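Chains: A, B, C, D and E, in written order; residue numbering restarts at 1 for each.
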Amino acid sequence: MDIATVVGLVLAHLLIIGSILMGAGLAAFIDVPSLVIVFGGPAAATMVAFPMGQFKATGKIFKKSLVFALPEPPSQIEQMAEFAALARREGLLALEEKLGTVEDAFLVKGLRLVVDGFPPEVVRDILEADVAATMERHSIGKAVLDKMGEVAPAFGMIGTLIGLVTMLKNLADPSQIGAGMAVALLTTFYGAFLANVIFLPVASKLEQRKKEEGLLREIMIEGIVSIQNGDKPAMVKEKLKAFLPPSVRQAMDAEAKK
Amino acid sequence: MDIATVVGLVLAHLLIIGSILMGAGLAAFIDVPSLVIVFGGPAAATMVAFPMGQFKATGKIFKKSLVFALPEPPSQIEQMAEFAALARREGLLALEEKLGTVEDAFLVKGLRLVVDGFPPEVVRDILEADVAATMERHSIGKAVLDKMGEVAPAFGMIGTLIGLVTMLKNLADPSQIGAGMAVALLTTFYGAFLANVIFLPVASKLEQRKKEEGLLREIMIEGIVSIQNGDKPAMVKEKLKAFLPPSVRQAMDAEAKK
Amino acid sequence: MDIATVVGLVLAHLLIIGSILMGAGLAAFIDVPSLVIVFGGPAAATMVAFPMGQFKATGKIFKKSLVFALPEPPSQIEQMAEFAALARREGLLALEEKLGTVEDAFLVKGLRLVVDGFPPEVVRDILEADVAATMERHSIGKAVLDKMGEVAPAFGMIGTLIGLVTMLKNLADPSQIGAGMAVALLTTFYGAFLANVIFLPVASKLEQRKKEEGLLREIMIEGIVSIQNGDKPAMVKEKLKAFLPPSVRQAMDAEAKK
Amino acid sequence: MDIATVVGLVLAHLLIIGSILMGAGLAAFIDVPSLVIVFGGPAAATMVAFPMGQFKATGKIFKKSLVFALPEPPSQIEQMAEFAALARREGLLALEEKLGTVEDAFLVKGLRLVVDGFPPEVVRDILEADVAATMERHSIGKAVLDKMGEVAPAFGMIGTLIGLVTMLKNLADPSQIGAGMAVALLTTFYGAFLANVIFLPVASKLEQRKKEEGLLREIMIEGIVSIQNGDKPAMVKEKLKAFLPPSVRQAMDAEAKK
Amino acid sequence: MDIATVVGLVLAHLLIIGSILMGAGLAAFIDVPSLVIVFGGPAAATMVAFPMGQFKATGKIFKKSLVFALPEPPSQIEQMAEFAALARREGLLALEEKLGTVEDAFLVKGLRLVVDGFPPEVVRDILEADVAATMERHSIGKAVLDKMGEVAPAFGMIGTLIGLVTMLKNLADPSQIGAGMAVALLTTFYGAFLANVIFLPVASKLEQRKKEEGLLREIMIEGIVSIQNGDKPAMVKEKLKAFLPPSVRQAMDAEAKK
């Protein structure tokens, strides 16, 4: 799982919960009907806004892209160069034994196509179609999360208005004003928290992840085709490094010099 | 009717109404003058903002595009392939008997043009003009709904200001302050609800629907022309699948393998 | 005058005034100094933001484009076809007698140029320069109204702040708090009303009107040049229909079939 | 000085001050620490946001572009035609005597280059570089003012929060609550006033001014080069009129006919 | 260090602190839990939004680009012309002795490549890759700071809501209301301060700095390659001045004339 996401989410929750514990205590901040409105509302509005298929796909993409780690491009390039060396020494079929050691499903699929003897254009076409489908899913996931992040504060406000009206109707008992106001404000609090700690940052991370995954898949496709063409390992490496952003390329060169 | 829209709208209403029932009860949240301002105001402002024809078209497009379901592209492609097989076996006229079983009016119109012997360019021109008119109506409908979603919270605030001023003028009787404030806040509540549950999500759904309908009509036009040309069913299918987004194409291929 | 604008404005005023009358009565909502700030402020800020010429032009374009109705494109196309028939039957000079019956000044100007024997390129150049000047005025009018709609709520808030500070300074007499607050809130109310009922919707209508007028003038120019070239009425009609948006063209064809 | 700017600024100040005088009186609205925060804060934030050179340039461009009037393009075109007539009658050197009567420094510079016998390409290059530098300064000035207009309301809020916290800490003496609140709200009032009456409208006027000055300089450069080429006055006029926006060209033609 | 950033930050802090000292005193404005939420929250949310590497890079780029001063382009151009004169007089190797006197690491690297005899294309490629990596880091730094500036006010609001709910739950003791409210408002104050004084202006300065550094590096690369080609000092100067914005070029020419 992406380490920054975990650290960020845990840190944000610790800060908020710690700050609550120093005050009125957690119980004062938990109100089930308020939670239901602020969690359910954005989900409902997003269902109205998107087709059911796209809404459902979000949960999957969310989990898949945040939980499973992608290999780092530089170490991936090293691995591709090793495979290239192996393929030149012992032939493409020798890659088959290595498939068991590869964790990434996309890479396994690509190498198997090579081992099975498909021509390079076909391998490239199949893999690129696969990447396009993944990119599309990322985009939908980001759009849905952005919508939820936009709607969550609105449902927070709707909940607070319901709470205020309810409290004002029962103004006869002034001792209840404080408690009523406190509950009314909880939905605004939940809405701001959900939007700014969860929905919008995760949507932004999905965007970053989409870029990273797109880059990694491009490197994999070029590497697989290059291996199939029997390129020398050094050449495979040089070709693939051209895909890296300049700062990563610099770091990789600095590493190599040591 | 689009299932996600129904589920989303019902869910949002249940959440809000449920939460109201747990508090002051529904009666406290219904105020006819407030409803009139927040429902009537955005309609009035939208009439000022758009020509009458566009304003009226919105109701129609709203109903038409949300109530009538469109066939799913994959099943539509299967149907086109079946028609192609029939046309190759028994000639184009054999399609006429099938017209009664086709639900979609656009497809019936297109197939009838083929049965009636119009040349392919004419069929394509007529159908494309029809699609262009539909796309234009969707765009207008989305623009009108976006405007309403933008204006509804403003009318909510206008209503609340009227309520507050009224309440403040009658401050002599302090026992009425709570009730006055409660009524004043209702319009803000209505405005936030209308904008975030109805207008803006439905405008977004119309946009999605426009894309879906555009894609489906493109598939139908290509399919009809392909049938008219006497293409083989497998070729019709292959041509039409090229229009699908990568993820749907993958799902369709996975289905076919089973 | 544009019917939707009238209906929308009247409806919005009825809603607001009706709702006020049901509460504290109109007198409570009229405060001359507040009105002066919220009407005068946006005008002053817009003068700072735009050159004097553009500021003054707005009133003119506002009145001209909302008060005078434009002919509907389909009926205009019919008229152009009639003129074409007349010109072919009796020569271009026969159009002169018709000039008195034409209401639209632009069309009169164009036809007179034809009657006066100017060559088609000159007629087209003169008329296109005229249209460009009108389009430019519409754009300036829209920019000025958008600015006013942006600034009006800010002046509403400025007025309310003045009212609040004034009230707080006189806090010694608590019986005046309610009245002071009520007056303070009036400017916010005026600002929201002006922006959302008048300035922004009218700016949007000007944009629509600009599109409509641009289209109509394009049709007129093509029609005049086509008449001058001696085209057949049916051909004039077909040429001009190509300018219509698809949905209007469909409606016109449906009408013709009846 | 640009007349609309003066009228707008004076009008806005009269409205606000008049409205204050009708209430609590000016003294209640002047609080030196509040003024220091709301005037100093945006300046400080803008210094952080821009290099010192750009920050300083803003004052100069502000003064220069709002205080000195530019000649109107139509009268400028007339003048260029007169110079062209003079140059054709008596030679380019005859322009030297006229230089003393020309107020605009840019025009003087351009004509002197002509009198001094520089070739047309050099004259054009020098003048265009001069215009580019002016346009660049306008852009920087607008960016800095836009930033100040964006930050001023935020500093208004910061000041109000400081005032509120201060007041709440001294809650023991309830008689001071009103005065404390009044002072706290002043910074919000100053921030809204500065942003909506000064910074943002003046930034918008600078943009307009940049367009006007760019157009005028283009006319001057073309005119100077045309004079240098010995073009006839009527031709100079016709060439330069092509730069005018359509509505100004129409007005100029209408004037000429009288 | 960039002088405007220092002056702006110091000025903003003086204004705010001075204004606080005139009121309730600094102690009333320091609340450790509030500080932790408003400083920690944006950091946590930004970690969720960006990969860890980008989050960490921000601190470095922040420090590096604001603390170390860049040479001014005009003086840099003079220095390049001096190096060109030296290289023409005594050969490229003579530059080696000068390396110790050059402060800028990028320039040292470039000149060393020249002294070491790398061909011009290689020198250019290496230096351009270095610039691209720096530009990329600036972009990431700006994106992260913009996100923090967007999120800081939201965490201010979250903190205030926590404070309000806590206060409302303890309403039994009315003497604590003022103190509770004051503490609750502190997080909103911190959030507004952080966003408007630190995060957003510094992000804007990074953008300016990126432009400045990009320009300076371009001048250095062109200058180094020009020196390597043995261009005359005057020609080096003329080539490099073409990179300057028009206003700086004018100022430099004016300086030279004196």
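Keep this in mind: a contact is a pair of C-beta atoms (placed from the backbone, for glycine too) under 8 Å apart; a residue touches a chain by one contact, two chains touch by 3 or more.
Since this is a predicted model, take the numbers as computed values, not measurements.
The chains in contact with chain A and with chain B alike: there are none.
Traced through touching neighbours, the fewest hops from chain B to chain D number 2. Taking the definition of touch as given, a chain qualifies here only if it contacts chain B and chain E alike; those chains are A.
Chain A and chain E have Cα centroids separated by 29 Å. Distance from the chain C centre to the chain E centre is 48 Å, each centre being the mean of its Cα atoms. Among the residues of chain A, none is in touch with two or more other chains. Arrangement of the chains shown, judged by which pairs touch: one closed cycle in which each chain has exactly two touching partners.
Within the complex formed with chain E, the residues of chain A that make contact are 2-5, 7-9, 11-12, 15-16, 18-20, 22-24, 28-29, 177-179, 181-182, 185-186, 188-189, 192-193, 195-198, 200-202, 204-205, 208, 212, 245-247, 249-250. Taken together, the chain B residues at the contact with chain C in this complex read 33, 36-37, 40-41, 43-52, 54-55, 57, 129-130, 132-133, 136-137, 147, 151, 154-155, 157-159, 161-166, 168-171.
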